[in-house]
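Both complexes shown next keep subunit A, but they swap its partner, so subunit B is in the first and subunit C is in the second.
Right, the complex of A and B next:
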């Protein structure tokens, strides 16, 4: 096929795509128009029903809590998959890393990066827990909090403290914590079943003040479990990847 | 964005619809430019950094469209987690290539 022919096929395909795309766009509701009833209904009843002012979290961990359990386990399985694949390779002796080349020093981490990373580690831990613990009050939640929490561990690594990083996130413990987080979420649902209620029913006292930290029953509990799970899953993936990349470096020192 | 909203944002300090529209259009254009920049960056390591900046732009976009929860998710995943994983994967590939 000549480049000319290829270009014509591309142009014909593009024209078709553009036509369908514009047709689809023309059928969209107007900007800012929300056609479905669910959002409006939830906006009206969610705070009264759950005492959570973070309505998005109320939806995630309560109204569609079952979907979120599924999503939770997607991440769990993904992290497990990464760990399985990389651990299988760990024992193998790979070809020398480029960093290992004779006579070549590792590029040292700059003092500025180390300093900033150290300064941010504490705030990242606080921020992560804050986000995970305030799903019911404000826009936040276990998922975001978990990733921020995991960032704290990565900052320790960025600060040039690889050995400290490994000490604060040993693989066995990270594995267990991840399972605890994922299992905790599922267990909250099963606890409801044990009490004769439907799966994931909010069985804890909701509190009286909407938006108080102690309000909303299981929503904040689930958020904390999700935070722990996400943080551990993310740390685990990073540990496994770093393990492979840096094992050789460590030895060469 | 046609200015038909009476109030674009319900906050103690009301933002006039025109101002909100201008902000939203500006950030939409920036996101489009950012996405193009990601595609045009051909060095993978550099691309991960540009992707992180793009994630930050996208987070601001979601904030401008009044979705603070999505903003947080995009900030953590798009601007931090994804670029870190990409860089780690690149480091791993590089160490194996030689």
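Right, the complex of A and C next:
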């Protein structure tokens, strides 16, 4: 099929989609007229039931907690998948990264990039844990915190410290940490079962002040486990992708 | 403009799909897929929006203040996580395709494998 034909088929398809979409829009309530009822009900009861002022986190880690277990394992499986797809194949060996052109060295990382990256590493760690620990209070949680935490490791790499980066995130340890995060979430659910409660019941004391760090029971615990899992998964994915720059194909060199 | 956000949704979807259809590079194609998925964030947030309402966080606003739908916001979070997972996996496949076939052009790849 030529690119021209492909474009015409696409345009015909989009015309059909546009027609059905406009037809569908005619039956939707207009923008800004949310009809409810689920969001309104949750907004009304979530703070009283869970002592979490962040209703989104209350939904993610409490009302919809079982779905979030699945969501977390999607990321877990994706990291495993990346590691599997990028495993060392036959005929590949590791070597130092080098420029494609013979006799030309890789340019050194500029001092400004190094300094900014190293200056931001500490704040990124603090920010990551802060976000993961405040799921119940504000728009944050384990997923956001985990990504920020992973950024700290990637900043070390950006500062040109590839060897340091590998030393602070060895694959075996990162694997174990990732499994700990994913397993921790599942274990919080099973702990409830062991007490004779339904899976993922919030069995910890809820506290009295809504939105306090110590409030809302298992929500913050799950959020911390998710933060650990997400950070480890992203570090693992980045390590696997960066490793590829070290691979040389034996037959081509 | 009651339907304007929904028109934006389908526009982002169409732009992303057009990029996928005409793509000449697998990494470009993956970025286009991310654009397609971005349209779902706009759709989810637009569906739950309520005119004049606050975000569903009651830390410094009194309870019973009208707030937008938190359910779709939680879904958008799931959406972002899935998108990150999918693009990481696809980029890994693109690396392997380049190693194996020496090209990242989807049209050349199609010819190679028949």
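The rule we apply is simple: the second predicted complex is superposed on the first by the 219 of 253 C-alpha atoms of A that agree within 3 Å, B and C clash if a C-alpha of one lies under 4 Å from a C-alpha of the other, contacts with A are read in each partner's own complex, and residues count from 1 in each chain.
The rule is simple: a residue touches a chain if its C-beta (ideal position, glycine included) is under 8 Å from a C-beta of that chain, and two chains touch if they have at least 3 such contacts.
These numbers were taken from a predicted model, which means no experiment stands behind them.
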Which partner does A:148 reach: the first (subunit B), the second (subunit C), both, or neither?
-> first
In the superposed arrangement, which partner chain does A:67 touch: subunit B (first), subunit C (second), both, or neither?
-> second
In the overlay, answer first, second, both or neither for which of subunit B and subunit C A:139 touches.
-> both
Could you look at A:56 and tell me whether it touches subunit B, subunit C, both or neither (first, second, both, neither)?
-> both
Is A:7 in contact with subunit B, with subunit C, with both, or with neither (first, second, both, neither)?
-> second
Check whether A:241 is in contact with subunit B, with subunit C, with both or with neither, and answer first, second, both or neither.
-> both
May I ask you to name which of subunit B and subunit C touches more residues of subunit A?
-> C
Please work out whether A:198 is in contact with subunit B alone, subunit C alone, both, or neither, and reply first, second, both or neither.
-> neither
Which partner does A:32 reach: the first (subunit B), the second (subunit C), both, or neither?
-> both
Go through subunit A and flag every residue that touches subunit B in one model and subunit C in the other.
-> 30-32, 54, 56, 139, 141, 143, 234, 237, 241, 244
For the subunit B and subunit A complex, residues of the former touching the latter = 1-2, 5, 68-69, 71-73, 75-77, 80-81, 84-85, 88-89, 91-92, 94-98
In the complex, subunit A touches subunit B at residues 30-32, 54, 56-57, 94-99, 101, 131, 139-141, 143-144, 147-148, 150-151, 154, 234, 237-238, 241-242, 244-245, 248
How about subunit A: which of its residues touch subunit C in the complex?
-> 3, 6-7, 10, 14, 17-18, 21, 25, 28, 30-34, 36, 38-40, 42-44, 46-47, 53-56, 58-60, 64, 67-68, 71, 74-75, 77-79, 81-82, 85-86, 89, 137-139, 141, 143, 210-211, 230, 234, 237, 240-241, 244, 249
Subunit C residues within the subunit A interface of the complex = 1-6, 10, 14, 17-18, 21-22, 46-51, 53, 55-59, 63-64, 67-74, 77-78, 80-82, 84-86, 88-89, 91-93, 95-96, 99, 107
